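Two complexes follow with subunit A in common, the first pairing it with subunit B and the second with subunit C.
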Partner chain A sequence: MIGTELVLMLRRRRVWLCWALLCLLPTVVAVLLATTRLAPPPGRGGAFLSAVLSDGQLFPAAALALVLPVFLPITVAIVSGDAVAGEAAAGTLRYLLVRPVGRFRLLFAKLVSVAAFTLLAVLLVTVTSYVVGVIAFGFGPGAELGGGGIASLSGATLTPLQLAGRTAGTVGYLALCMLTLGAVGILFSTLTDSPLAAALGVLAVVVTSAALQPLDAAEAVRTFLPTQHWLAWIDLFRDPPLLDAVRTGIEVQLGWILVAFGAAWANFTTKDVTS
Partner chain B sequence: MAAGGRRALSRRTLLVGAGAAALVAAGTVSWPAGATGAPGPAELLARIRASASQPYSGLAEASGRLGLPDLPQLEQATALFTGTTRIRAFHAGPDRWRVDELTAAGERDVYQLDGVESLWDFGSQRLTRIVGTTSLRLPRAGDLLPPDLARRILSAAPDDPITALPDRRVAGRAAAGVRLTPADPDTTVAHVDVWADAPSGLPLRVEISGRADPGRPVLISELTSVDLTAPPDDVLVPVVPPGATATEVAATDLTGALRVLGPAAPPGRLAGRGRLPRFPDLPGIGVYGSGLGGFVLVPLTGRIAGQAVDGATGAGGVPVTVTNGRAVGVSTPLLSVVIRAGGRRGALLVGTVSPSVLAQAAGELSGQAP
Partner chain C sequence: MTGPVITTSGLTKRFGRVVAVDHVDLEIPAGVRFGLLGPNGSGKTTLVRMLLGLVHATSGSATVLGEPMPRRAAVVLPQVGALVEGPAAWGHLSGRTNLRLLDAAGPGGRRRDRRRRVDDALDRVGLGGIDRRPVKAYSLGMRQRLGIAAALLRAPRLLLLDEPTNGLDPRGIHEMRDLLVTLNETGTTVVLSSHLLTEVEALCTRVGIMDAGRLVLADDLDALRAPTGRIRVRTPAPDAALALLDGRVEGRADDVLTVRGDDPAELNALLVGAGVPVTAIDREQRTLEEVVLGVTGSGSDRFEGHR
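Now for the complex of A and B:
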């Protein structure tokens, strides 16, 4: 079942289009930065963006910070909102449920498929932006010294191995953050037969969370907001790496995934499927 | 069948709802403080004052609601008191420490190693070594660390009454609390609450409340995680990464700049408060009042003072009546400011006293103005 869902996901053109668009935005930014050599001043613009001119190896981090607030959530909303509602809209859901497969297994396979999409999305952005960054901005002064490492946010040099490890940690963390939206999308997808409505529901959750974040009045609920911890991965590029915020972020995201997927299960396994 | 389905739906939804509630409860529950072996407020105060050599590493968060206006060139300093600041500290001793101000776009670090101070700024990719010292500087993130903030406040008010507070859990440790209530009737500070690790005396949380709303602290600084062992030596040594620049600058010399102003010697008394022997090397600057009810007199040129008065008036400042020149006052929950302009010289008065005290001081200064 999981294998079937993964193959189906990989065969969809919209999935490849989402990945292509995600990789396109950082590429456009890299081309503009490389041709104009005008990086945002220190402290302004996206994280790491002011430093990429001196070392292209920092560009994957800058690229992830670029796609994180809007583009990544939109693609996850589109794919996860389509998970069940897409089958219902196409009239294939009831035929799917005729097979001797439990509804929980079907839903779990959908979640695995969305998880694979988010992981591959973050991974593709990271790999393409590394290649684009190194082509556009070079390896930086560390390469001349035989190191090839980059300056951490704290100044200490990160070796290529440390950089690879921390980038891998970032990819995993952001994939988990996006999987939260994926689980919410699957929940909405079981509540409606319209994939568009489910995707818009996910975006409504993102916008609401982002709007509540800066409010003092929302202090009591801030730590539970899914977007609150999205930038915690930046702490992985400090030296020594700071794990407090990442740990809290993982706990909150896992909680959201558990509750959203649980609610999707509670609704879908007892739903009268007519389409 | 339909009824059975609804029952099942109800059971499963209830199960998920209960799970969600349990997760939220686990995230919000306040664990009991546990036994602190609290030594009593006086002994705790003595331990806090003696805790400067206690090594620790930790992460702190400071939130301020002082409502300061944006001041040109001083945005970084005022932001510390008007927003939330994340700070990481590595403290091996009074002359071996590192404090990082963590931002979403980078990091600004201060290293103190054997008497030499260095600043690392990721944004500008520069390590700056500071040569010399200065007796007066702008506030920075490290000043808001609970240990530094608590010790500075408590040493400024050695005679004000203290009382014990209930223990609470801070950074996973049982912390003993003490409240300092300023005796000065004119101070804007209602009380300062400090919770410290009882055995070591290391302050873990500080709350400062203003008299305007004593139930709602205007500044809260808390260590969210702490380790009371000495940090490794390598994190205390600043390094210049490949591609970054290393520079050396002299500590800001305010003495020369102030001498250019040719300020009058600050009066021995202002608004009924004696001048303290602070910053004797800085001409024209006077610190008045003891404890938490004090203020500072800073001389300004006539032009800068005039611009500041205009700016403060435009920002909603209240005019202050003076016999010579003009003055305007701005008050926030904790800090009061009065700027006086007139002739070739002006003055900035700022402190944790009520605006009326500063208005009186401005009136006395205007009476002495040439």
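Now for the complex of A and C:
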């Protein structure tokens, strides 16, 4: 079932469109920056944006920071909201279930395919923005091709190997953050037969979480908000990397995934499939 | 297998306040072609969904192929092919890819034989030469054929088909009927639900009739259509026949007389012997339509005002 699910995802035009749009936004930003050379002053604008002018190799980090707050959640919401509700709306859900595919297996395959989608999305953004960044801004001073160092946020220099490792860590961390939304999307997807409603439900969760985040009154629940830890990966680009926030972030995201997926399973396994 | 293929006892499903299926006790013997008839909204589809484990019964139990459903769905369903409330497929993929993915999604069967299984199923429903068009470009009839191909994919012992001829043209209906009869003769039990009486009459050996969630009748088609004990005679000289058979004639419509009696040959000899020409003579049988109308209400898609 997992294989079937991955083929189904990869052959959907919608999925490729999502990925293309995700890669397009950073590219537009890079083109604008490269032609005007007007970077936002340090401390303002998107993370890393002030630094990319001097070294294109930092652009993947800047690109991820660009797509993270809105674009990435929207695409994950669309794909995960479609997971079960889309099959129900198309009528294929009943044929999968009588094939038979066990209800847990079906949901798990959906989770795996959403995970693959988020991971590939983050990875594609990283790779394209690296290429775009290097083309637009070149390598930084003192960094010859494939060698030299890149300034970390703490001022010390990172070797290319360190940078690659930290970027990989960022990709994994962000994919996990997005999988949280994916699991919530699958939960909503089992509650309705409308993919659109499920996707909008996910966005409602994101907006609610982002709205609560700055409230002092929400202090008690802040740690558990899914969006709270989204920017923790920036600490990975300090030297030495600060892992505390990332670790808390991973724990909270895993908690969300477990709870949301468990609830999805509990709902789906006893559900009457009348679509 | 000799015992019944499907047994339900007291099977009931409520959706909120609506009772969709109401204490159905159904038994379908192996090897028959069973037609489930009933007006729209009489609970046919919900019953089929319960047998397939898609909908959970409120009370009562169901046994399919000797195993309780839905508890043993993993054992039962691989031997069942189903078409539930119209065909469905992933519209952006071709029919062949659809079947291949469906085959890969569930248990059983070797990967090596997949292509052959898919080709066989497509051949059987007359889609063997289908190109790579996506299913969303298919006509209604092609989708219906693809849905039946999907049901046949795993060479099932039991076929549960909901409205299998929907959207097919007369030739397609005829082909499907031949296909189902062939499959039935090689040992597959065929259960189909329909509101098309002619369809069921032409294909099935046994019928069940549902009305307002209840199974109001289940019997062999031959028994339902038993002779009524009357003979219909067409003659160009009805008045002469009337005079001859006075007392036995129960009705007359132009040149057709309805006569009490069981033996057309005897009646024919009597009439001809008396010089009354006979152009047609046959036992009167109840039509399935009369049977159905006799036991069902108006169906739930009709809501009349009470004044």
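Here is the rule we go by: the second predicted complex is superposed on the first by the 271 of 275 C-alpha atoms of A that agree within 3 Å, B and C clash if a C-alpha of one lies under 4 Å from a C-alpha of the other, contacts with A are read in each partner's own complex, and residues count from 1 in each chain.
Operating definition for what follows: a residue touches a chain if its C-beta (ideal position, glycine included) is under 8 Å from a C-beta of that chain, and two chains touch if they have at least 3 such contacts.
What you are looking at is a predicted structure, and each value in this text was computed from that prediction instead of being measured.
In the superposition on chain A, contact is made by A:Ala90 with subunit C only, not with subunit B. Of the two partner chains placed by the overlay, only subunit B lies in contact with A:Leu231; subunit C stays clear of it. In the superposed model, A:Leu242 makes contact with subunit B only, not with subunit C. Between subunit B and subunit C, B touches the greater number of residues of subunit A.
Once the two complexes are laid over each other on the shared chain, residue contacts for A:Thr270 go to subunit B and to subunit C alike. Touching of subunit A by both subunit B and subunit C, each in its own complex, is seen for residues 270, 272. Only residues 41-48, 50-51, 54-55, 140-142, 144-145, 147, 149-157, 216, 220, 223-224, 231, 234-235, 238-240, 242, 244, 251-252, 255, 258-259, 262-263, 265-267, 269-270, 272 of subunit A touch subunit B when the two sit together in their complex.
For subunit C in complex with subunit A, the residues that touch the partner chain are 15, 49, 52-56, 73-74, 77-78, 80, 82, 84-93, 101-102, 104-107, 150. Across the complex, subunit C is touched by residues 1, 3-4, 7-8, 11-13, 90-92, 94-102, 270, 272-274 of subunit A.
Across the complex, subunit B meets subunit A through its residues 2, 5-6, 8-9, 12-13, 15-16, 19-20, 23-24, 27-28, 59, 65, 88, 100, 102-107, 109, 120-125, 127, 224-225, 235, 238-244.
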